[in-house]
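Sharing a structure here in structure tokens format.
In this document, chain identifiers A, B and C correspond to the written order of the chains, with residue numbering beginning at 1 in each.
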Amino acid sequence: MRLPPVAAERIVLIVLWTIAAITVGVLLFIIAFILAHGLPHVTWRFLTDSPESMGREGGIFPMIVATGMVAGLAVLIAAPIGVATAIYLTEYTRETRVTAVIRFGADCLAGIPSIIYGLFGFVFFAITLGLGLSVISGALTLSLMVLPTIVRTSEEAIRAVPYAYREVSYGLGSTRWQMVTHVVLRSALPGIATGVVLSLARSIEETAVVMLTAGSALRLPTSLYHSSRTLSLHFYILSREGISMSMAYATASVLVLVVLGINLVAYWLMRRFVASGGIR
Amino acid sequence: MNAKRMCFTVFTVKSGLSAWLMALAGLTCAGCSREDGGTVNVIGSTSIQPFAEHLAQVYGKKHPGERVEVQGGGSTAGLQAVANGLAHIGTCSRSLSDEEARQFTPIVIARDGVAIVVNPANPVNNLTLEQLRGIFSGRFKNWKDVGGRDEAIRPITREEGSGTRESFVHLVMGPEKISREALVQESNGAVKELVKGNPAAIGYMSLGLVDKGLKPLNVDGVEPKTEHVLSGKYTLARPLLFVTKGPPTPKAQKFIDFVLSPEGQKMLEGEGLIRAK
Amino acid sequence: MRQDNVIKAILMAVAFSAILGLVLITVFIFKEGMPIILRIGGREFFLSSDWDPRAGRFGIFSMICGSMMVTAGAMVIGISFSLGLAIVLTQFSPPRLTAVLKPVIELLAGIPSVVYGFMGVVTLVPLIRIHLGGPGLSVLAASIVLGIMVLPTVTSIAVDALNAVPRPYWEGSIALGATRWQTTHMVMLRAARSGIVAAIILGMGRAVGETMAVIMVAGNTPAIPHGLLDPVRTLTANIALEMGYAAGDHRRALFATGVTLFVFIMVLNSIALVVSRRGARRTGAP
């Protein structure tokens, strides 16, 4: 049965817009559900107290600190190294088979399941290097996990800078390094920053890796060698074990708001990148 | 400050910071494991975890400056952690095998029963050991086979490394194996949640952790009460152990002493466990 | 000039150590995992569904089936919704609405995976158990949750692919009298085909790699599922559940599972690379 094209289009449009509506609906439902159940319990005390009786009462302050330490340290380690690597690969080497292989390798490593990084971190950092279940084990493992992504996104951002910019810079007599910092990096910075910010969001929401490397202790970590529990892991444990649903929802609310906020920042940065004439 | 100097400065600062951090991590890598700041790491059984966590909290208040960190992972994971040097004390909710007893030193800190739990809406009140074996091995598939409703049974088991699972297999299953179709959950709490939410589910867990939303079954006519565990009438019982490799470190020993002290034992009793004696 | 050489040396050192670190991981995983695959034999490891670590039997076939079924289910949902969304966003949506819809879809990527798993447990699993049967923790639940999770990835790449089709293609088709939908499915989709295939493949990679959400809704039984409503265990869940207490051969078998996943992702990425490169050549798009 061949439908006349106009009728076919009408039906298709209904289907497509329904799909769009369902998608938006699901997203709003999830966020609304979590926030509706959780926000009432997110008080100032909740954010600044320590958990009592396995998390049934009290607050999540140590978890917030732990998340900041683990994710922050991971990005702090990975970002400079990743950006430097990207700069080296694009500006200081020619396009050879080796660089193509490196690029492919970075793409693969960026796509590997995070649990494999957890495996590696557990056996290598926690056990072999003797760092134990600790903030530093978690941070080092996470930094390895986000490193390929930062290298690739920085590389894309740098390559998107029009060659003309570089020519002009050389024409004015700059050295390569001056050209890189004053011209290329300035233009590519929003793109690079987007990659870094997205890596931060990924580090914060990652659960399996921190479970295996940073552990799940409830105390406030005051040293890099202390084990500690991140927000996402705390939420996972609270909800899985049925310890306290209200606490779980509250933790989830904080987690969702933080990660959404970071993603919004990344999105805004990306808009600036495109607007400043970055790519297509 | 104009833009170009800012850019250069930012980059230099970031690289410098990163280099410093790497150096820090590298320097302090060597010889950093257990004797850091005197933290006692307690890793292992999810059955013991809530109790150990509570004990650690009270201990920390009594002795400020002493830090005890408690984590889960399962009984076998606890033994592994002790063997690997990740933990000073491993917790284990089953007896050690002969081979394990050669490697590790067990200390009994309490005794606990293994409760068989079902959803409160389930009309069944009692099961024999034979019926339990049949349910968990998959021979009985419907609740009406054991005196309940006409509904498919959903057995829930723990993961392989669980001390509770080991104890259950040892005490109930005998030569039969737990069915591969049984749903696997990785902690007492997860089993609890699943049974609470599913009227056809049946699981096993630490007696000390059973709460109001669950119905613990009688086994062979015996109620799962503390006094019956003590007297031996309720046969599903297991020791709760703190395990070390060789003699405990001084700080670990202090914590163990606290747990075995009258105050520590009273706390454990108050929470539904049975004293070590 | 000397400053430039010094800087180049520093950058090279940093780049090499970064690459070295990543190579280290790859080598480590393979070194730990390959020997046991070779020792047990590929057939026993990959094709036996007998996973019994205590008895020394390491057959991961059930988990391979599990991962494949769950990923396939996720892709069915993911592809249909993502393609639909991508088409709407690029072909039919007025710019003002697109500006709102795009961030909304990207926000979906911002929700942590444990939250997705939790929502699945709280809303989806009881729904399936009560209305469709089975324990609720099932292939279906995992597929739906994963499908929603890969939506943003597949959609954004598909959108990029569709946007990269040269404008004259669209204009020419409309000029010939085709409706927008006819243009879409006869011209645009075909032109963007390689990019869309790349999007699907990358989405598959993400679905295979997800751990936490799957553990929460899939039931984790080590048996091969016979239907959508049966519980299932994926390769990633297997690693996460058993890593804590695995030792000796058991741990090596888990690394071998990691090797399997690693190789699978490498294959997927290679296919995506070849497909997108071929597509770019065809349309002349960048």
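Rule of thumb we're sticking to: contacts are C-beta pairs under 8 Å (C-beta built on N, C-alpha and C of every residue); 3 or more make two chains touch, one makes a residue touch a chain.
These numbers were taken from a predicted model, which means no experiment stands behind them.
A count of contacting C-beta pairs for A-C and for A-B identifies A-C as the more extensively joined pair. Taking the mean of C-alpha positions as each chain's centre, the chain lying farthest from the centre of chain A is B.
Centroids built from CA atoms put chain B at 32 Å from chain A.
In this assembly, the C-alpha centroid of chain A lies 17 Å from the C-alpha centroid of chain C.
Multi-chain contact residues, meaning those touching two or more other chains, occur in chain A at positions 80-81, 84, 240. Residue positions of chain B touching 2 or more other chains, listed in rising order: 186.
Within chain C, contacts with two or more other chains are made by residues 244. By the touch rule above, chain B contacts chain C in their complex via residues 73-77, 79-80, 83, 154, 159-161, 180-186, 197-198, 201. Residue ranges of chain C in contact with chain B, taken from their complex: 53-54, 126, 129, 135-137, 215, 219-223, 231, 233, 241-242, 244-247. Residues 52-54, 73, 76-77, 79-81, 84, 126-127, 129-133, 136, 140, 181-182, 185-186, 189, 215-219, 223-227, 240-243 of chain A are the ones touching chain B in the complex. For chain A in complex with chain C, the touching residues are 5-6, 8-9, 12-13, 15-17, 19-20, 22-24, 26-27, 30-31, 33-34, 80-82, 84-85, 87-89, 92, 102, 104-109, 111-120, 122-124, 144, 147-148, 151, 175-177, 201, 204-205, 207-208, 211-212, 232, 235-236, 239-240, 248, 252, 255-256, 259-260, 262-264, 267, 280.
Listed in rising order, the residues of chain C touching chain A in the complex are 1, 3-4, 7-8, 10-12, 14-15, 17-19, 21-23, 25-26, 28-29, 32, 80-81, 84-85, 87-88, 92, 101, 103-119, 121, 123, 148, 151, 164, 178-182, 202, 205-206, 208-212, 216, 236, 239-240, 243-244, 251, 254-255, 258, 261-262, 265-266, 268-270, 273, 286.
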